[in-house]
Amino acid sequence: MFFASDNAGPVHASVIRALEAANTGYVPGYGNDALTHDVQARIRALFDAPDAVVHFVATGTAANSLALATLVQPWQTVFCTAMAHIQEDECNAPVAFMGGATLRLVDDVQAKLDPAALRAAIAAQGTRGIHGAQPGAVQITQLTEKGTLYTLDEIKAVTDVAHVAGLPVHMDGARFTNALVALGCSPAEMTWKAGIDVVSFGGTKNGLMGVEAVVIFDPARGQEFEYRRKRGAHLFSKHRYLAAQFGAFLDDDLWLDMARSANATTAHLAAGFAAAGHAPAYPVEGNIIFIALPRALHRKLMAAGAVYSLTHGPLGDGPDDELLEARFVCDWSLPIAQVDAFLAHL
Amino acid sequence: MFFASDNAGPVHASVIRALEAANTGYVPGYGNDALTHDVQARIRALFDAPDAVVHFVATGTAANSLALATLVQPWQTVFCTAMAHIQEDECNAPVAFMGGATLRLVDDVQAKLDPAALRAAIAAQGTRGIHGAQPGAVQITQLTEKGTLYTLDEIKAVTDVAHVAGLPVHMDGARFTNALVALGCSPAEMTWKAGIDVVSFGGTKNGLMGVEAVVIFDPARGQEFEYRRKRGAHLFSKHRYLAAQFGAFLDDDLWLDMARSANATTAHLAAGFAAAGHAPAYPVEGNIIFIALPRALHRKLMAAGAVYSLTHGPLGDGPDDELLEARFVCDWSLPIAQVDAFLAHL
Amino acid sequence: MFFASDNAGPVHASVIRALEAANTGYVPGYGNDALTHDVQARIRALFDAPDAVVHFVATGTAANSLALATLVQPWQTVFCTAMAHIQEDECNAPVAFMGGATLRLVDDVQAKLDPAALRAAIAAQGTRGIHGAQPGAVQITQLTEKGTLYTLDEIKAVTDVAHVAGLPVHMDGARFTNALVALGCSPAEMTWKAGIDVVSFGGTKNGLMGVEAVVIFDPARGQEFEYRRKRGAHLFSKHRYLAAQFGAFLDDDLWLDMARSANATTAHLAAGFAAAGHAPAYPVEGNIIFIALPRALHRKLMAAGAVYSLTHGPLGDGPDDELLEARFVCDWSLPIAQVDAFLAHL
Amino acid sequence: MFFASDNAGPVHASVIRALEAANTGYVPGYGNDALTHDVQARIRALFDAPDAVVHFVATGTAANSLALATLVQPWQTVFCTAMAHIQEDECNAPVAFMGGATLRLVDDVQAKLDPAALRAAIAAQGTRGIHGAQPGAVQITQLTEKGTLYTLDEIKAVTDVAHVAGLPVHMDGARFTNALVALGCSPAEMTWKAGIDVVSFGGTKNGLMGVEAVVIFDPARGQEFEYRRKRGAHLFSKHRYLAAQFGAFLDDDLWLDMARSANATTAHLAAGFAAAGHAPAYPVEGNIIFIALPRALHRKLMAAGAVYSLTHGPLGDGPDDELLEARFVCDWSLPIAQVDAFLAHL
């Protein structure tokens, strides 16, 4: 009954096998090996983006921070939501990698950046002349940090506002595949066809040990990424072990299957909550549920062995019926039986 | 009829005379001259803080940025209001000088940081563990950017919350003296006795060419400031010309007289607005007024030669009766007759 | 006949098996799992340093950059040799992580920092007052970038000079184990007992996929490292896969065996060069040989399939007998038969 | 008998008068005033560079740091001499402003960057691929830190090497005018006609309080400079007081007269040394002399009231006849009688 995160379960067994298969002979380091080149080519094909530049890094924060750093200057600012991972969960890393560029928080609708608020924020920023940080880029997260999903039209609405203002758009796709299978569209449709300029295509939260692919649709930005990655100490010498993982991820639709599994388990959990009369705080559209439950129920669930986290800190000693928001995340490997076991305690 | 800023008028004539007086013979550079030492000692005495460290820089942004940099680490965050000068008007400079530490915006009451909101913000920040930026410092502006004034109790309420959380507090005193004469208290009362750890004591907006004194009450922080100032390219070789200005500022209560003049002129202007039926957006407590006036009236005033700025950009072509907020600032040198001439157009 | 690097061969099979063994069930992320704690404890025991703080990162550049960042301030400078990896091969990463602290190059003796030159460099730096970067730390590499080995006395001579000046010392141990088995001493003897304050204990160049352990002997510095690692985007969520590799490394003296193998192969190669009348540029004391060979011989060796790199760029079209320096590195997995095959072409 | 620095004497009286003249009425801030525009235009005319962008800052370190920051990226490196002011005397400021770009030291000939050594250094840097800092820019100082003078051909030789490699060249002209009058050429000839891309045209060391003009010959780089200046906290609100000083500087050839005076006084001093049998360490070509004198003579001179500094620290207690190098600098205001008084003690 582990719902605390999608980074705590095992990786798929085929990932281990792929590492083993890659573990033979001498190959050039630093991404110059044939396996890396092959997996990069597969990703370009997958995105229907033959000119895109694809690079691997080992953490989602590195993917986001390096991607943004190629898009903005130190005197600029990135527009994102208040719950953006880059704002809340990366301990200033994006700001560090951007050389001191800052983040501007824009109102959201169910964790999705509101296009009208974005337009107003960009305009307001423009009234301060040299004194204010200059508009630099726009950032969205798909699946959002609250588990909601941008439709393709919603992505387009954001990127249109950005592009009218001359700003590129980065997508934090830590849960890219969870969103993709929920929308049932192609990677191209969810990214460059909807106006996304750079995407962090996450593997770590969907069954890999620690690999993210940064896909840069404008190849002119690619060289800078490489210098920044090396300077950020994120260039792996033994690159084949990153590529091998991502190769296994793409083989036989494993990535899609794992995300479908996580989403389905989550939907089952959400249905169970609903049947028990508990409504989620946000629409459940991927593999995350935010939901308020009474303290007494939390106590019972945790005592039964359920592992998950509360939004605002420890359970504490308040009234039994006080509602406390919690986050439930299902990873690819979570057995549906575990969900049923959990729901039995509701 | 110049109300656009308090950095656009002339400096006091005695400032020029002081520069002339200081302009003789050879003296050691970089702040090691007798005049600099003397003015530093006068400031320590003025603040009743014999152990304080006092350093001069030439811009308010430098004073704020360097002061904050001595208080926080790159993985931390500074709590301030959404209209804080460090957030809105310094083009990411504080973030740059802090090595990538960020700002967290806290709700305000009439541009003053709300202690309860601050407490909640610090607590919320503490729930993210290693993933969130760590609480680093608190920052307030006195006189605020909207022209309101913290009472001594209000300062204390903020610094109490900060200190309970182990955070130091910086005061942006770009308009320190305007606030001081409004409160009628001593520099010590408005700073360290109210819990302020470091203050930017501004001269530039109150009649100097470009000098701010950073007063650091804990001398242990002083050496770091010096290294950071040099590394920030803000160490003047010919320091005597900074010290001379500040010396003239303090002579014969000139600083207090200039601030009183600015505040009085502003009060006269505010009274005129009130008499004409226009209410300010914030209490007028120093030398700044924010006030919404109909477009037609703006047009008339500007045509008559009044110079001031609108909050949200140019006047534009909208309806005559649409209310547009404007900012009026009076500097020390503004003749009351100018205000009367302006009011005649209301 | 692959001599280009020790980051191009396979990892030991037991590393793959350890990943597989670790790949079961849910465990807390970010280094809070039992396996990580266990391997950290083993490393502390290995170093006879019960209070040391041990953290894992995935690249050597990250280990060095983060370690140094905890030791120096942005206005300081780190003393190292001109061939230091942090100077030559990390694309400004250490400077970036240190927030702009710089490197000062000190004369070496066979790639080892010269204590007398270090003393002079520190003293010279101290004559510039506030204008020069302040002395911050000292850095050495063991095994050195040229394949030479500090004796314990030589390490002590450097750290003594540093400590007299109040400076901590970092050891880049990318090839820590190659040096350790060459000296035949304990990890404690080669580090804290010889005055080292922080060491990057490398696994990647000695048979792991990408893991380095940073060992910080003063626990007071440990918390900062964690914040800096997260902020540097180097905190892995699925930490167990780093720990598992390092655990396998330490099991049954695998780390020592792999390093001994690499050193022995290298010694065999060096003997072959000597027998053929070619003298190395530096004493061969670990797993690296720098040696000048005639262009014609290079041409022949490369044609035969030997892979290695020249110090000063491509082979080019110069005279056959021009001596061109090359670097030969043997990794743990290189079969001695490959060396013999190579030597047959000499 | 003050020879310690050219930043310790008074400013020219006409500078004070210019400040007084500028001190009337309200003018727009931040460089948008008529006086600033006028002086900028005069500088463009002076350099015969109608498209150049000219900006004022208050310190030489700011001028250099901001100029370089517009020329390089954080993963690049700037080639300069080991005695460059940016390397020795700016406490890491250039590195900070460049976002972590580093400096590479190139051999000099009498403190002038050696073109052949530069070519070799650029080539060597290019052999490390992604691992080494990338070549970014070249920097020279005219007059050099040792008082020597690049001829126009020597400047051209350096900029040719740089431009062939695609690198822009910055000139630190803290003593620009001392060099200019020594060469007897025009500002255009000493800068863009000789291949200089950006120059720090110094006023502070030649009779101003604290003003440097950065002249950027490619206007495309100008906007970035403005953002960086603001973000560096170096944008003065009351810009007229910078412009007024520089205006006075240019009036009636005051700048040239002051530099000629400083150079002439220095030549007189050098002649006196020569007559007494003391040879300078470097050719004396501007207003700086480095010269080794016996300790006993230093003791006598200092006892007589001469103020100057030794290269390697305090006088100490060594042998009377030990030669200790000292630096003598003459500023614009130093009376020739002072030099004669000093020489009488030789």
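Labels for the chains are A, B, C and D, by order of writing; each one numbers its residues from 1.
Please note the rule applied: a residue touches a chain if its C-beta (ideal position, glycine included) is under 8 Å from a C-beta of that chain, and two chains touch if they have at least 3 such contacts.
In this text, all values refer to a predicted model and were calculated from it rather than measured experimentally.
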Where are there more C-beta contacts: A-B or A-D?
-> A-B
For A-C, find its twin among B-D, B-C or C-D: the pair where over half of the contact pairs carry the same residue numbers.
-> B-D
Subunit A and subunit B have mean C-alpha positions lying a whole-number Å distance apart equal to 41
Can you give the whole-Å distance between the Cα centres of subunit B and subunit D?
-> 34
Centre to centre, by mean C-alpha position, how many angstrom separate subunit A and subunit D?
-> 50
Multi-partner residues in subunit C (2 or more other chains touched) are 74-75, 90-92, 96, 99-100, 130-131, 134, 227, 230-231, 235
Could you please specify the touching residues of subunit D with respect to subunit B in the complex?
-> 2, 4-5, 7-11, 13, 16, 19-20, 23-29, 58-62, 65-66, 90-93, 96-97, 204, 209-210, 227, 230-238, 241, 307
Quick one: which bits of subunit C touch subunit B in the complex? Just the residue numbers, please.
-> 30, 73-75, 99-100, 130-131, 134, 224, 226-228, 230-231, 235
Provide the residue numbers of subunit C that touch subunit D in the complex, in ascending order.
-> 74-77, 88-92, 95-96, 99-103, 105, 123-124, 127-128, 130-134, 311-313
